[in-house]
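Presented sequentially are two complexes of chain A, the first with chain B as partner and the second with chain C.
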Partner chain A sequence: MEFYFLYMGVIIINAIIEVFPVLMKGIHITITVFILSVIFGYLFAFIAGLCRLSNNIIIRSTTSFYVEIFRGTSLIVQLFWLYYAIPMLFNIGIDNRLMAGVLAISLNYGAYMSEIVRGSILAVDKGQTEASIALNLTRFQRMRLVVFPQALRMMLPEFGNYLIQMLKATSLVSLIGMTDILYHGNILRSTNLSMAPTVYLLLLVFYFIMALPLIFLTRKGEEISKRGVANG
Partner chain B sequence: MAELVKEMKQSITPKRGAKPIVEYKDVYKSFGEVEVLKGLNLDIFPGEKVALIGPSGSGKTTIIRMLMTLEQPTSGEIIVDGTDLWHMKKNGKTIPANEKHLREVRGDIGMVFQHFNLFPHMTILENCMTAPIQVKKESKETARERSVEMLEKVGLGDKLDNYPSQLSGGQKQRVAMARALVMRPKIMLFDEVTSALDPELVGEVLEVIRDIAEEGEMAMVLVTHEMDFALEIADRVIFLDDGVIAEQGSASEVLEESDNERLQQFLYRFRS
Partner chain C sequence: MNINWKWDMFFDAFPFILKGIGVTIGLTFACFLFALVFGFVWVILRRIKFKPINWLVTWTMEFIRSTPPLIQLFFIYYAWPMIPGIGVTLSSITCAILGLGIHFSTYIGEVYRSGIDSVDKGQWEASVALNYSTRQTWLKIILPQAIPPTIPMLGNYLIIMFKEVPLASTIGVVGILALAETYGAEHYRNLEAYTIVALIFLVLSYPSAILINKLERKMNRRFDKNAVMQESKGAVI
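Let's look at the complex of A and B:
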């Protein structure tokens, strides 16, 4: 019996030693896709969130259209659209996998997060705007100095949650052939089916370890948020 | 005789001779179906202290919010220092004011709110310094110096780096006054600035208003339920009822000698 456990242990350790370096080959892709998606995701979120508050009805409705389309359909289908369908239809080359992957994830999460941006800006007390009008600040100064900094504090905790979701969403890029950690794991499993448990266990560990600093960041965001929106 | 007295009260213009700094001309204001102001005519003179009193819902807040450009009149004109606030001329035609015009005209007006509306993410000092730097383009040093001076004047020189959440209501309201005062307005509007405060904190805020009033240069419009305070500092008390000025005159005339029945009822409720 004891011998059996020892035997299993050795097999697992061997497997891990074998699997670990293979997965590591994909880590830079996962991280690159993640970082770019976060940057562009927030960018789209802020642009769309602010556009939806614009006085111009055309800007407002165009943005709503984008948001509803991307929230209302599946991320995987959006990814396939960007990578397979659009280049074919319009004969333009998004044959760049990285670009398609990052665009899909950031447009999708940007749409979700734009609602947070919009909601937070609307949630800032109207008295804040009124006080800054009374001080004769310009419209832009009111947004930049008074409303936005307070809205940002409300956005932080939610933004943190989406950060972790975006990390998990990066695994979808393996479906368009990007060689991220999931891609390498799948290859390994298809050549040696018995390794499946080890591969997927290690993948979970990989994602979780990458999520740890993000969880920490989210906590930080919540703290700042609590400190910042105390009553004026 | 009674008629004559009434006429005198209606036409009362303290600081006579001067040109009014604010003129409301036949101003109407409705919110949806509800007509709040029904032809308001009111001149305010430089340095004059006006107290606005009247029952809840009579439109006191609306009157000063229209002057601060927070609410747009339905019709009529509000003239500030000779310029129409809500309209501008373009190619000889009169059109609704744009943001730029509003900013030019409201530069001499300041306001203190019932609920303070301090900026919670800025320190007390930053609350005061921001507008002089951004709007008046003052250097950081000048703005800082003047803000500190003003905060000392309202008794908060030791709280410069505190955040609003660390202050009492009375202290917050004094910061709000300092913040408005560093902009050196010619007209200051106060909307029930003590009514959100615990009773024991009202005194310190009135004290500051009294000090500002004594300096004299600024016109002040106070919406207030503090009748004794109005009696003490107001050059003129205006009783608002049913969308128009129902009675006005010196504080003692209005608060002690008027025979307007609605005013009597209103004051009776306060004194009991």
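Let's look at the complex of A and C:
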């Protein structure tokens, strides 16, 4: 029995030594997709969130249309649609996986997060707006100096949660053939099925380690938003 | 730029893809039920006061929640049967129910917990004062007050799960997405096939989201304690 455990231990350590470098080959793709998606995701979120509060009905309804479309369908469908269907629709031969992957993730989560931006701005006390009107601030100054800084604090916890969601979503890009860590893992599994447990366990641990700083960041964001503006 | 859209392809693909709708919706509800039940398991486990176990449970939940469901599905489908001793081969549908069910049960467990935490402390004290047993306290006092306010949140998770279910096509569950892939590969027409899938999702999830939103507003009015107090005050005066 003891011998069995020792034997298993050696097998597992060997497998990890064998699997680890292969998976690391894809780590830069995963990280690139994640960082780009986060940047564009927040960009879309702020643009769409502010546009939905616009006085112009055309801007407002176009943005609502975008948000409802992307919130109403699932990310994997959007990813396939952007990668397989769009080039066919316009008869163009672009084969840019990175663009399709980043666009799908950032448009999808941008739509979700725009609701947070909108909700937080609406949640800022009406008295603040009234006070800034009384102080003769322009509409732009009112948003930039008074409402937005307060709204930003309210957004932080949810934004942290969506960071983790976006990290999880990056695993989907392997489905359109990007060579991220999951892609390399899948190749390893298809050549040697007995390695599957090590491969997928390592992948899960990889993602968890990448998520850990984000989890702490989210908690930090919660703290900041709880503390309020006055004590900050 | 000329647009390359073929309506005949659209109408040809539609009935073919629609055949998968039963599997997709059925799988959504199966996963949801599993998550609803398993969510309670997390609630019970988290109430264990013993520090190391509490810590372990918290971080297990965190681990499941912050790793991609896609890899969890692959783990259950490909890796689980390979583990010596405890491994069993499962059908792809079972794997999908287990994988997505466990993933979302951690979220639903948190929803339950927030509901239980929002029950007034006086209710616990009252049940002690009235000499209720633990079982009675939970079943007759705490849960009936804790769960109904969470129903809109649970509804939201149902819609979120519906949108995650197409992930199961990667391990061979033949829902609408897998059928669209098949159709697209056979006819070299991905465009219409994937558009149909997107439309089906939109048509099903958008109205349900509106419905849940309405329910939420109704529930908020019903369960908002301050509103109730104000209303009753108004009635007295």
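Rule of thumb we're sticking to: the second predicted complex is superposed on the first by the 225 of 232 C-alpha atoms of A that agree within 3 Å, B and C clash if a C-alpha of one lies under 4 Å from a C-alpha of the other, contacts with A are read in each partner's own complex, and residues count from 1 in each chain.
Definition applied: a residue touches a chain if its C-beta (ideal position, glycine included) is under 8 Å from a C-beta of that chain, and two chains touch if they have at least 3 such contacts.
Note that the structure is predicted; figures quoted are calculated from it, not measured.
Trainee: Kindly classify A:T191 by the partners it touches after superposition: chain B alone (first), chain C alone (second), both, or neither?
Mentor: A:T191 contacts neither chain B nor chain C.
Trainee: In this superposition, which partner touches a larger number of chain A residues, chain B or chain C?
Mentor: Of the two chains, more chain A residues are contacted by C.
Trainee: Thinking of the overlay built on chain A, is A:P149 touched by chain B (first), by chain C (second), by both, or by neither?
Mentor: Only chain B; A:P149 stays clear of chain C.
Trainee: Which partner does A:K168 contact after superposing on A: first (chain B), second (chain C), both, neither?
Mentor: A:K168 sits against chain C, while chain B stays out of touch.
Trainee: When the two structures are overlaid on chain A, which partner does A:N55 contact: first (chain B), second (chain C), both, or neither?
Mentor: A:N55 contacts neither chain B nor chain C.
Trainee: Under the stated contact criterion, what part of chain A meets chain B in this complex?
Mentor: Those residues of chain A that touch chain B are 125, 127-128, 130-139, 141, 145-146, 149-150, 153, 228-232.
Trainee: Where on chain A does chain C make contact in their complex?
Mentor: 8, 68-69, 71-78, 80-81, 84-85, 88-92, 164, 167-172, 175, 182, 186, 189, 193-194, 196-197, 199-201, 203-204, 207-208, 211, 214-215
Trainee: Would you tell me which residues of chain B are touching chain A in their complex?
Mentor: 68-70, 99, 103, 106-107, 109-111, 113, 115-121, 130-131, 134-135, 163-165, 172, 176, 179-180, 183
Trainee: Which bits of chain C are touching chain A when the two form their complex?
Mentor: The contact residues of chain C facing chain A are 1-5, 62-63, 65-72, 74-75, 78-80, 82-84, 162-167, 170, 177, 181, 184, 189-191, 194-195, 197-198, 201-202, 205-206, 209.
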